[in-house]
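In the two complexes that follow, chain A is the common piece, with chain B as its partner first and chain C second.
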Partner chain A sequence: MKRFRRQTLTGLVALLLATAGTLWLYAHYCPRLPGYAFLTGWALLTVMLLLTFYNARKKLPFLPLGNSETWLQIHIYLGCFSVVLFLVHLKFHLPHGGFEITLAALFALVSGSGFFGLFFSRVLPRRLATRGGEVIFEKIPALRHGLRTAAEELALGPTAKSPAIGEFYLRRLVPFFAGPRDFWRHLAESRRTVTALLAELDDLHRTGSEAERATVDQLAALVRQKDGLDYHRALQLTLKLWLFVHIPLTYGLLIFTALHLALVFGFSGGAR
Partner chain B sequence: MNGPQPAPDFDAQNYSRPNQNWTCGHACEGRACRSGPDAWGRCQATTECRPVLDLKPGETKGRWRCTRSGGACESGPLPDGTCCRPPFRCSPVPTLRVWRGRITLAVIAVALATLLLLAGNSPFRDRFLSPGELSHAHSGQIFAALAATNGLNPGCGACHIAGNAGPHGFVQAALRAEPAMFDLKALAAAQPGEPVAMDADCLKCHAGRNVHQANAPAISCTFCHAEHAGMVMAATTDASCNFCHGNPVTMAVARPPTVIHHFAGDHPQFRFITEKQSDPDTLKFNHALHLTGSTIPKLPGGTKLDCAYCHQPDAAGAFMRPVKFETSCRVCHSLQFDPETPLLTLPHGSRSAVAAFLHSLPKQYADLAAREQVADVDGFVRSKLTALQAQVGNGEDLEARVFFSNATTGPDRQVGTVSGASRAIFPGCAYCHEVKATAAGLAQITPPVIPEHWLAHAKFNHAKHAGITCAQCHDASHSHATADILLPAKETCATCHSPAGGVNDTCAECHTYHKPQMPQIAARD
Partner chain C sequence: MPPAATILERPQRWDAAFDPAMGDDAVDRLLATEPFSGMKAEAFPKRTPLREILRNDTRILRFRKGEIIVRQGDYGTSAFLILRGATRVVLKPDLAPALLGRQAPGKKGVFRTLSQFLNGWRPPESYSRARLKQDAALGARVDEALETRVFLQDIPRVLDQHRTEQMIAGDFFGEIAALSRMPRTSTIFADSDDAELLEIRWQGLRDLMKYDDALRRHINRIYRERALASYLRATPIFRYLDKDQLARVAEAVEFATFGDYDWSGEYKRLAQAGSVRPEKEPAIVTEGDYPNGIVLLRAGFARVSQKTGGGERTLNYIGAGQMFGLREIAHNWQTKTAPVNFQFSLRAIGYTHLLIVPTRVMEEIVLPSLPPDDLPSPVTATETETDTPPPEMVMRQKVGAEILEFLTENRFFNGTATMVIDLDRCTRCDDCVRACAATHDNNPRFLRHGPSAGRLMIANACMHCADPVCMIGCPTGAIHRESFAGQVVINPATCIGCKSCFNNCPYDAIRMVDVRDQAGEFMVDQEMKPITKATKCDLCVENHGGPACQRACPHGALTRLNLNNLDSLTRWLQK
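This part shows the complex of A and B:
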């Protein structure tokens, strides 16, 4: 934790210093430097390539390029700095024209998804830690299958002798155990579904026999486990899904940037 | 073995490999196979054993033996040597990693396709690639027609060489750009206003820069005229002017070497004031007398003489038309040389015409009699000439008096009136004009010099100043001499044209860089 704080502090100080320096350079050189847009553009492209290289770095673990944690910290603070460079490159004006608007929109989407990812990676793991132990995302389908099998065994298995529990299982619990449920509700920390199910199980518990009560208690425990599993799935999936925007659009952005590079020099005053 | 070993309780059966592209189709049931799918997503499940053929010495057929780990199965291998238990195959499932890769490839494909479609040779290319709307002057059908006349591409190619080709042309033009795209040192060292290659494209239509100073440094057209910034090209800013006028080094060659940044600040006082210039006009006119004098009569309509009666704006309203005697002065100053004959007046505008008029005086009186339908024309002429001779003697005296006399030497000090039957008593040309005598004794009238524009290097528009009175800028009511230049001082203009006054005070508000005007687009043919 101490190391993390030190890294955060170092990163923030570096980011602030780089931002202040960039803004100073902008104020002093923007009006008087004809090549200002070219120079800031090159700087931004360099930063973008470094940011993209983080993804390549993860695919080349055998190369001695430093540990991934350091790369992630660099990626985060360089990403924030790239937004400053982007605004300075645009001279704090909105872009015009179809191509430039598309390019700026791609940059905004990549940056925005990055900030969302940063936010999720800071918030969601804490929430996950409050709901049960560690669950490996890839094992969730198998665990869910196990819970469903166990619940089915309790409600409909050879030892089950309660028609009420069997009927309740078929009517209410089969859809619940069939697959992942309530993605958005789990993200919003809503427990409405599981609370309703547990309330109905509680009714069964009150009206059931001693044997039925034991079965209902076991079913309630399975429902809670399944709900916890769905919760983990929803949050862990969110932690992975933002990359579905961030990474593909990064490559789209790089393609548009390559054409932008050719356009700005090809259509510059000095083009021959 | 080197390296870390798995823990004793490591469950190799259910080991998840998030960095692999495929997972076993049975994983969701908690029964993933040990080997998992291969890199291409194919199930690698095999039979439980690979039977071995046991051949005893002398046997040719032999017997297949089950080699299943954990003990042979009850049924044993089939007669053909295959395992009796079919493999438990699955349909491997792609991981999120695979989906992410597929989406990435799709985005790359869409991006490339979009760019090829729109940046290729599509009809939308120019609009898609343009970084902003072009001005009216450089877009539309009229520009396209003129560009075609000059052999230019009506689209981007009119100004940008890269616009004449497809994407390969962009790259070629980019690689040939000056400064070079990868030469960061040259890009950083580029100076503002330096002429660039594209200026030649501007000059294909705009023939010559035609700058206001012959020794002005060559400046790129684009330094002042920014395109792609809207349908109306933005006015040149002070920053463009200050590039030279705000630079002491550049302005060191100027006479005087004046550095200017703002009109209200360091803009010099107008030269007619600093050099104490005076109006060179020889015409004698007293503004104060005409505007405030108690002897000035009212105009025929009963209105008081004011500035607007003599100073009329031109059609555009920008400048005042030159004051004309016939329209402004004759109403009071009728050039009536014969006190007894108000209907006969001298012509104005030409000394020789006046002389000819005087030389033909009997005919002029006869014409007047005819116009007035006098029955006895000869008698009328005779009586008039007799009366005139009684005052001036002979014709030479009359001519000398007409040309050379002024109010103090004339017969009557009442030189202008609109009241009564007798309008004005003519005091002589010299009352208003500078009249000199030639060696032969003839009168020579110095032509009046009335400039249409006073500050020749500045623009002005009276119509835009209609909200203020004439006297706020022109102190005519205190001017007694023609030599007074009745223009306002810089401070008067700066009252409004300054940040404090709130009215535009940019250089371009009054000045133009190209003199007298940038030539319009000219068709070559």
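This part shows the complex of A and C:
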């Protein structure tokens, strides 16, 4: 069996077994166990700290702490299991009170952003590899500027002699080359903007002179390149942005969890 | 009107002499010295006369006592003839790495490992004085030709602790390493203050051997005595031979070199111009020829190709230690009624040094010794690409035509630890880059960018080449292999920033950096010029756990692979 498939299967089986075991324990001991909330709470906190330590592992690459790939696998399946533990800790009831609702919402957001991140991490790289060449994210503004300058030179530069192309450039291409475009469309794999622009350029090509046609061909190539850059920007930005949600929320969740602990031990004489 | 053509004088072989200062007097002196005095000038062709070979392909070097001439493990492109004085070869034990300008192999200790926590607050490429301090047992001077010479400070101690042997005027050394492009096997230093040596670059040595029987016999004899027997003994198909049979094989083996010794500088330009095509590479074996011997690759790489349409397609490439032609010869030996010719072509990529074991010797000695199971399957007429592909085609099918051509044309097969990224899994998170920076003086030693084909990208990182051209010409031995066939590393203490490795690397994997002190100020010399050091990926050789980049990838998208053969790549692609 291929390694990735074996890895997924092992993780899923472990998750299912752990979930089944936890639910069995819940069904049998929840009503009878006096320290039920205490036990499930500490278990959940342990799991959350283990999950958080993955970020610390990333900051310590020089220590022999194992492969990040293995850590991520553990992070994914332990993250899924933490949802089960969370529900068991809540006894499958909705939280009540402002603090508990905030805490639960934070947990849901951290988990949700994690699932989104996992989905993006598995889906978007494949799409990036098939379109737009390979671009370093930080270099995109410079490349975009280069394309804009080249297009402007073609349409409005000293050697440009076509009013029709100049007018088209000012009307349609200036906004297109001005900055990143169509974030959501690219994410949704829609090519509406570039298709429309290329269709209009095709019209110009049909009606233009020999010299104009050559210019239009070059402009069309630049439009395709810019579209590829925008595509890469949208997808790479998404791959980076979800972490900017996931990680700060994680620390927020940990702070609220610490407060939760303080409240539990301060005002109720320990969990019951 | 068509543009005017640019007219140039056609480049000639000796446009750049090894030493432009080599004058008539020096050449006359050499012609009066053995072995050149015994060579017949009329045996040399008019375009490469003996006199011009000596004038253009040699140079005279003078060394003082203790100065290192060649280091064990270095890659050299020239041989040496002692003209005057004496040199000394270190036999056993080998000199300590520090005495050769290298860093001692080993992992970081606990304190140094933990101190990397602070790397984030340190200026990039900052060094302490202690870290850049050279070993006290080693000195350096710049000679009259502005070349850096490294010398041993305490020769009596070296003589006391190591078994050495003196070499005197008339002795040759370094010829096997130069011709076969193998690492030097010993360290040799000057044993007198007036040591004068003739350095012959490999092109000159090749021509001298070609046109002078005595020199050729001499070098071939040395080769057979020193290198061949042990090499044949380690080759699997000869493992059933007894001592006498092995000696008979060794006696019959022919040596050959193909391709351009200085391929590294030229190949990139050709690749960019799209003119690196199989049919332009020198043919070692041509498809359809009679199989007159098996080819054993001793150094370099060769492309297995097949005619298709008007060109040739790559089926596989083979590197040092692999062989070609066994299947056809075994087939003809087994099925005498239906002999076959070579089924595929073999072309040298870059520089290739090989051994040819003649068919007669194979049939009389080697093939009868092999158990039937070790013989390759006979060539059959029904072999097709899709149903029962011949072994040579299997790799093309596993890896894919696009990737195979890509790896071959870009010479990536040279890498023993090539950074390969699977673009289908890479999320461009740069965790690999950050891990590299955190492990190496706060400055990453590679770029997560490079040429790609299909789902593979070869990142711009040192590949720790099987043929490390970067190591040729380092004056201080700062760039070296950590072990005999291990990682190529640079010792910052002995790197003088000469850019020799930087210019030699055909993959642009070495960077020159201006180093800083621990306060973040640039270090300068007495003339206020910045101190520059060569840096590159060292495969985290000092760190515990292996390469940080590979360990830092959360998605298993980055790995370091030995591309000398395609087995590991195939396994990784199919994971």
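The rule is simple: the second predicted complex is superposed on the first by the 266 of 272 C-alpha atoms of A that agree within 3 Å, B and C clash if a C-alpha of one lies under 4 Å from a C-alpha of the other, contacts with A are read in each partner's own complex, and residues count from 1 in each chain.
Rule of thumb we're sticking to: a contact is a pair of C-beta atoms (placed from the backbone, for glycine too) under 8 Å apart; a residue touches a chain by one contact, two chains touch by 3 or more.
The structure presented is a predicted model; accordingly, all values stated were derived computationally and were not measured.
Visitor: Examine A:Ser121 and indicate which partner it touches, taking first as chain B and second as chain C; both and neither are also allowed.
Guide: The second partner, chain C, only.
Visitor: Residues of chain A touched: more by chain B or chain C?
Guide: Of chain B and chain C, B contacts more residues of chain A.
Visitor: Under the stated touch criterion, which partner chain does A:Leu72 make contact with: chain B (first), chain C (second), both, or neither?
Guide: After superposing on A, A:Leu72 lies in contact with chain C but is clear of chain B.
Visitor: So, A:Trp24: does it touch chain B (first), chain C (second), both, or neither?
Guide: It touches nothing on chain B or chain C.
Visitor: In the superposed arrangement, does A:Lys240 touch chain B (first), chain C (second), both or neither?
Guide: Both: A:Lys240 reaches chain B and chain C.
Visitor: For A:Ile136, is the partner it touches chain B (first), chain C (second), both, or none of the two (neither)?
Guide: After superposition on chain A, A:Ile136 lies in contact with both partners, chain B and chain C.
Visitor: Is there a shared patch on chain A that both chain B and chain C touch, and which residues make it up?
Guide: In chain A, positions 136-137, 240, 243 sit in both the chain B and chain C interfaces.
Visitor: Over in the complex, which chain C residues touch chain A? Could you list them?
Guide: Answer in residue numbers: 113, 116-117, 119, 423-429, 431, 434-435, 438-439, 448-449, 452, 455, 457, 543-545, 548, 550-557, 574-575.
Visitor: What does chain A use to touch chain B in their complex?
Guide: Answer in residue numbers: 31-35, 38-39, 42, 95-100, 136-139, 141-146, 240, 243-244, 247-249, 251-252, 255-256, 259, 261-272.
Visitor: Provide the residue numbers of chain A that touch chain C in the complex, in ascending order.
Guide: On the chain A side, the touching residues are 2-4, 58-69, 71-72, 120-121, 124-126, 128-129, 134, 136-137, 236, 239-240, 243.
Visitor: Using the touch rule from the top, collect the residues of chain B that touch chain A in their complex.
Guide: Result: residues 14, 16-18, 23, 27-30, 32, 95-96, 99-100, 103-104, 106-108, 110-112, 115, 118-119, 124, 127-133, 156, 160-163, 167, 169-179, 181, 184, 186-194, 196-199, 220, 222, 228, 239 of chain B touch chain A.
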